[in-house]
Every structure is written in structure tokens, then in C-alpha cells.
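Every chain is named by a letter (A, B, C, D, E and F) in the order it is written, and numbering of its residues begins at 1.
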């Protein structure tokens, strides 16, 4: 079971509204290589890991990614708070407003609903760990794209933190895979 | 952020393999009215709640539903462990085996991938709470259908617990809605 | 069986072209909480109602929602008639034009095709009526969002009519649910 | 707007329960070439027809197809009424039961939700009429497949009626297209 | 099996960057009536054709359409090469950039992933050929829409070539259908 | 552009009808880790490779995977030829028959339509090559699952060949990635 601690893993304090940037962040909220994809894939795959160590690593990272999803939500929330209808229209988000008001929703930036078609589990733990490594690389690439799309330091700082975590996760999955291969 | 406690909210100890029952449980794992739908909907909607009390309730229940998703996974895992290829074929699950081996995956019982098309957020907190109440009712109905599909007491007990929790959540959402309406 | 009467339930006479508003209206044409969702959900659920009164109510409202879908189509048609390619491009609708010319299509405002993943039926008529009540609330919220997006009185008037009908439907579903509960 | 007449276009009186046949009929209820696809495609395309005659034909057939959808629903309802849980399991429909009880839902026979990805509108009325002709041919083929799947005369009679109507619609679309081409 | 020849069927030499036009071309890359739809539909249907002549025609056109898909990709690539982040944002493509960088991906212009829900096979070869004829008409209409969206002669020339090929394919499918009907 | 050679890459001569095995093979025909996914992903990614060598490798393997897709189609065709309606019903394929007759269609074994949500392109060639390596591993795992599902030597031989090719592709992607990393 899970516990919630009312605190973000890394602080988010964005002062400047930016609806388009909020929209781009949907890539990590409900996109193919989002924190949601990572978290759900690892929660699901941990049942296929061959030992407690593997199960624990998958669980740990799944739980951390869920916290990252929360950080992305906090960023989107702060980037959109107080927006007027005119700002929403100008940002090209009138269609999403019609459905969801100015609130968050689990789609990609184009409004395509999230689907578990984005993730995979094969029951072969070496293969699953390679999928996880590739997924972490894609997530890192998405963070780099997002960092290219802004120069707001309040947005860049948490993005840089999150990007760094994907690199750490990649290493941890790689180490585990190598240990299993060398057994 | 989130913490994981290596313990299920309610114990799951299933002794008898039953692949078809595991498949039916996918309704609560990756189906429209699944624990995943509930958890994601509440995590997403909490940003629209008008006060801390509302945000806290949505968060609490979202976190608990995630623990229920874990219970469902544990049930499916125990119901399928040790299955032979022949048993898998006989249960009509050869197609899923071809993709995912005998492991869990976030689809409904028919193999349809989970999608956030199943959930909603309107930014209107009264409306969102009514959607949550209706969602809890549907989840309760799904648990009742699942209980109709088995007579294994080890499966029935956690299902009965989970069904009961949906009723409690329904009440809590209803109370909050009524408080907001009476303000 | 059904009969068509060549008359809208409420008159639509829009004089001013507005492609973006037409696009926003897709929320009620092919979006999650659209008139299409309402109509299909009630047509499907009426088979689960326990008596003729319930079946008749679901049928009545399903038929009316179909007429509302027609009103939305008429509004979108009038808002887009005579648009030039340049206007279409400027409204950000060049991509939809490439596929569908300037015509209507059953997607949400972001171009996501309509899917029955948006609707539900559980076979439990109390639950289904609560889903219907929540659905009417969401549809009402969407109409309010749409009314926020325009100040064209010719668009506002039919939207206000349609919003009002959702409130009436909510009441009728609620009354029926209460009668069933009090039996 | 639309009116409902409490009468099927052709009588449906099925005496023998057959859950698998009900499931196959989903092909015409929520499948790619279903009555729903036909009805929605024509309702949507009528706005692109160049004259009142074209608009009227599209509307007429769209309305009739909606009545056919109702016939399919009636057939499925009669084929499943009174089924026990054991019969549902044996028919391989336990997974659908978990979500929807024994009731109808707008998916194809494999449980894939209906989507408007199945239909099209190009704004070019000659092209749209050719799509409609091809669609009627596919619907006729589906009825022939369904007739191959049963020897229950009470099921065959309405299927034969519906198949015949698709042939008539094909002819009417073809005549209209030819008139437009010869102008 | 297949062989690749490093040469486009018709030359593509676009000198002027145009991100929006590249985006519109997604209609033929990953849209409902795209070259991908055509190619996959014919490859799949050739197994249902009643004789070698039919199988050969379907294969020939499927292979040619794959080459057309390559031409579309080349056009999109040349239209986007060297784009700056600012140009990408201004073209409304920041969301796609966040996921895919400036690269191609198999979606429609709105970012909706390609799905084989767009295509069909009925096993009835006359019906399948009529679907193919209608599909070629829709693809032709899409090319005409695309030609309406640009006045760049380097873009128009390959589009005109591709449009012409769809007309030729339509004729070839029609001839084959007529031969089969007249047997 | 592409050329077709009327010859399979490896011979397929299956003598014994087996509808269920044909259905399982859909995992490689229209499933998430299918030959179609591989081919489309590489065709799409080759535009992101940094040099001719990379583009050529992606193209080569994409073209070969298309030939593998053809082999899978041939296997499915031979496994289903001559099936009676009763055999189709018994294999649980009556629903697919209702839509597609006994023919092939690009879905996974559960009838879920193929979607490009299964594949990815990030524009970062190292990341894309890691995605390709993981994809080849998953495809290999799927072939191993399929080999577990049959003991028909005529089916096993081409599956073993195809499995072996995935291993070769994995190596070639890995070599290219390493060369790029060591530059």
C-alpha cells in the first residue's frame, strides 16, 4: 500500500503564467514517454522480476515516478493559475477549455488521451529491463525537448532535476540487468 | 510524494489457480471502472477542489485506490502462478500469452488497453464530485459482478473488502458535495 | 423506429462566421460529454431499466439528445459556411481541412475521434441512473464553458437553451432514481 | 429533430437463448461496419450534399439505420435474457459480464469500443457517396457472415430483412451519385 | 519479400521551409485516408482475391503506395529541416516537438496516432474492391485539399503526381471489379 | 521506392489447419511488438539518423521486417485455409468471422486494432537505437512465446528463423549505437 507525504520531491515555485509551456508539459503528464507510463510500466513489471531485489527496484522507481507525475501536475497548475478566457484562446487551448475548463487532464499536448498501448511487459525480465532502460532514455530526451522550449528558470530547475533522475534510473536498471546477465 | 509500505491493505492468500477468474479481475485492473480509473481521476481532480479539505479527501482516496490496484494485481498474480501452457490455452488466454507471457497487463478482460478516455474532469468541483460518486457506484457494481463469478472464499474475501471500501468512498464524496452545496 | 421532422428543437440562426467557435462546439458534437455520448448511453441503458416507465424515460431523453446533436451540427455548419482557406489556416484548422475539407466530423475539438469508451452501462439501474445524472452535470458544465467562449448572442441563445435542457434531464433522472430507491 | 415510434421496423421474436450469437451481432451494434457507423456517417455527411434531394436521402437512410440499430439491440436482448452466470462463462463472456453485467454495450464482438475512426467525410459529395456505397456493401457482407453463423429461423428472418435493406440503400446511393455525375 | 531502391518514384526538391504545410501532409502520412492506410489495406486484402491476377494487382498497388508514403516523408523532412524552436512554436507544433523533436511521426495532423480502425477487409472480394475504389477517391480528395493549402510549386508538383496515381489506381480497381462481376 | 519479389524470405509450408495458432500469430501481425511495429518504427526513424550508414541500416531492417510481416501473413493464411464455420466457432473466432470472414486483419490476437501508439521516435538517434534494441528483444520474446504455443514443426521452423533474425537485428542496432557513442 501507499502513503502520501504532502511535499514535492523537489520544490516547484513558478511565478510567471505560461499556458503554452503548461501544454507542452502534458508530454510528461499523459504522453507516450510520460512519468505516468514509467510508473505504470514498473508497477506492472515488478511481478515478473526473478527476485526480491528486482521487485524492490521496480517498486522504488515506480513510486518515485508517481511523485514526478505530481511535480509535473504542480508545474502545470502553477503555469495556468489565474488565466483568463482570452489567454486560453490565444494559447490555442479553447478546445481543451470547452471540455476541462482550465484544469489538468491526462492527455498528451495534442489532447490525445493516455493509453497503456504506450507501455509493455513481456514476462522476460531481461527484456523488460531493456524496455525500461530505453524508456528512461526517451523520458530524458523529452525533458531535454521541454528545456529547449522555455527559458524560465523556475521551470528549468525542476525539469533539470527530473531529467537527472531519469539518468539515475537508467543506470540502476542497467546495473540490475547486468547482474542478472552475469549470474 | 509517495511512500510504499510492503504490505497489502487487506491480505490476499489465494491457494487455488484460476486463470479465468484472474482474467475477469482485469475489469478492476485496466477496465473502464477500474481502481486505476478511480486513482487517476482523483489525483487529477484534486487540483480543482476549492479548499484544502477537498484536496485532502481526493488525495486520500486516490492513494487508497492505488493500494487497491496493488491488491488486484496480487490476486491476479496468485491466481495465475504456475500455470502451464495448456491451462493458458484452455482458459482462452493464448493470445495474451503470446504478447505478455503469463504476466499481468493493464487492459480490460478483453485485452483492450486502458485509456484515460474512461475518466473525466470538468473543473466544476460539484460536477466532479458527482462523477466520483457515480464512478464509485460503478466500481461497486463491478465488484458485485466479480463476486458472482467465483465461489472461492479466498477470492471473495478481498473482493468483499474492496466492495465495502467503494461504498465508504461514495459516502465521503457525497458528504463533501453536500457540504459544498450547503455553503 | 425513428422519424425525422425537418425542424430543429430550438431555432439556430447564426449570422457571423467564427471557425474557432465552431471548433470549440466539437466538445458537444464528438467529445467525451457530448450530446452523442448522452444519446448513445441512454439508448443502450434502456434495456436495463426495470419497468416501462424507466425504459420510456431513457428513450425519450435519448431521442431528444439526438435532436440536440443536430442543433450542434447546425450551429457548426452556420459558423463555418463560406470560410476561405486563409481563414481556415488562421483558425488553426488546416490539418482538419486536409482530411475533411471544411465539413463537420465526429471528433472532439482536438481532432480525437469519438469513442464509446466515454460511456458506460453496468446493468445495475440505480448505478446507471447515477451515471446519467453525473453525465448531465458534465454536459451542463461543458455548455457553460462554451458560453464563456463567445459573446455572439446568436450562439449564446441556443447554448442557453441546451444547457437548460441538461438541467431538466438531471432532474428527471434524479426523480426516477429516487422512486426506484423508495420502492 | 427526431420522434420515436414504439415499434420495430421489422418484428423480432426470438425464442431460443444464444449468447454467442448475441455476441456475434455486436459486429452490427458497435463494429466497424455497424448500423451505428452507417447512421453516424450519413447524419454527418448530409451537410456536404449539394442540394436538398441529397440532404434528404442521407437523412432518410441515417434515420432508418438508427432503427436497424434498435432491431439489433432487440435481437441481442432477446438472445441473452435469462442467462445464468454459468451460461455466460461458458460462452466466453465472463469478462464482459464483469464490466457490463449481461447487458448490451457498444463494442465489436471482441469488446473493442466503437470509434468514429471507422467512418469518413471528405466534403466531396461524389467521394462521400462512393464511401457510402462501399459501406453498404460491407454491411451486407457482415449480414451474410452473421447468417452463416446461425440456423435459428427467428434470427435469420430479421437478418435477411436487414441485409436486403443494405442492398436497397446501395442502389439509392448509386442512383444519386450517377445523377450528380451526369449533371 | 521486398527490395528497396534508393530513389523516389517522383523527385522531391523543396527549397522553402514550411512547418505548417509539413503538418498538413500528416494527413497522407498517418491520417485515415493516408498512403499508409492504402498500402496496409491492399497488402492485407490480397489474400482474399480469387485469382493470381487479383492478388498481383493488390500487391502492385500496395508496393507503390509504400513508395508514396516515402515521398510524403521526404516532403515533410525537406519542409522542416533546419527549423528553429521559435519557428516550431509559432507553427503550433511545440507539443509534438516535446515528444518527437522536429521529426516525423505516424499520426494525423492533429497528432492522433494511426490505427488500422481506418481500414477494412471483409473477405468478399467484390466488396473489398469497392472499398478500395472509395479509398482511392478519398485519397484523391485529400490530395486536392493539400493542393489548396499551398502555392509552393515544389510542393504542388509531387502532390499533383500523387493525386494522379490515385486516379489510375481507382481505374485499375474498377476494371478488376468489373471483370469479376462479368464472369 | 520499393520492389516486390514473389518469394518469401524463408519458405512457409504448413499442412495442418490450426485456427488458434493463426490467431496467436496476430501478436506478430498487428500486436504491439509485431513485425509491423518494427518496420514502421525504422522507416520513420531513419530520417533522424546522423549519417548515411545509419539511414541505410534502418532502411535495410525496415524492409526486411516488411518481408517478415509477409511471412506471418502466409503462415496465418495457410493455418486457416479451408476452415468450416463450425471450426471457426469452436476456435472462439466467430466474432472476428462476423466482421472479416475468415481473412487476416491487422489486429492483435484479442482483436484490438493496430496503432502507432506502440512505437516511438524521439529525434535523438542514440535513444532511438536503444528503443530499437529493446523492441527487437520484445519481438524475440514474442517469438519464443509463440514457439511455446505449438509443436507443429512446419510452424516452428519459420518461427525459429524469424526469432533468429531479431537477434541479428539487435546486434546490428547495438553495433551502430556503440559506434556513434565512441565517436
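Everything that follows uses one rule, which is that a residue touches a chain if its C-beta (ideal position, glycine included) is under 8 Å from a C-beta of that chain, and two chains touch if they have at least 3 such contacts.
Quantities reported herein were computed from a predicted structural model and do not represent experimental measurements.
The minimum number of touch steps linking chain E to chain F comes to 1. Common neighbours of chain A and chain F under the contact definition above: B, E.
Work out the mean CA point of chain A and of chain C, and you get 33 Å between them.
Inter-chain spacing, taken between the CA centroids of chain A and chain B, is 22 Å. Inter-chain spacing, taken between the CA centroids of chain C and chain F, is 42 Å. Among all residues of chain A, those that touch two or more other chains are 32-33, 92, 99, 101, 107, 110-113, 115, 117, 122-124, 141-142, 145. By the definition given earlier, chain contacts exist for A-B, A-C, A-E, A-F, B-C, B-D, B-F, C-D, C-E, D-E, D-F, E-F. Against chain B, in their complex, chain D makes its touches with residues 85, 89, 92, 94-99, 101, 107, 110-113.
Taken in their complex, chain F has these residues touching chain A: 32-33, 115, 117-118, 120, 122-124, 126-127, 130-131, 133-135, 137-138, 140-142, 144-145.
Within the complex, the chain C residues that touch chain D are 1-5, 7-9, 30, 36, 40, 43-45, 47-48, 59-60, 63-64, 66-67, 69-70, 73, 77, 99-107, 113-117, 119, 121-124. Every residue of chain B that touches chain D in the complex is listed here, in rising order: 20, 23-27, 31-33, 92, 108-112, 141-142, 145-146, 148-149.
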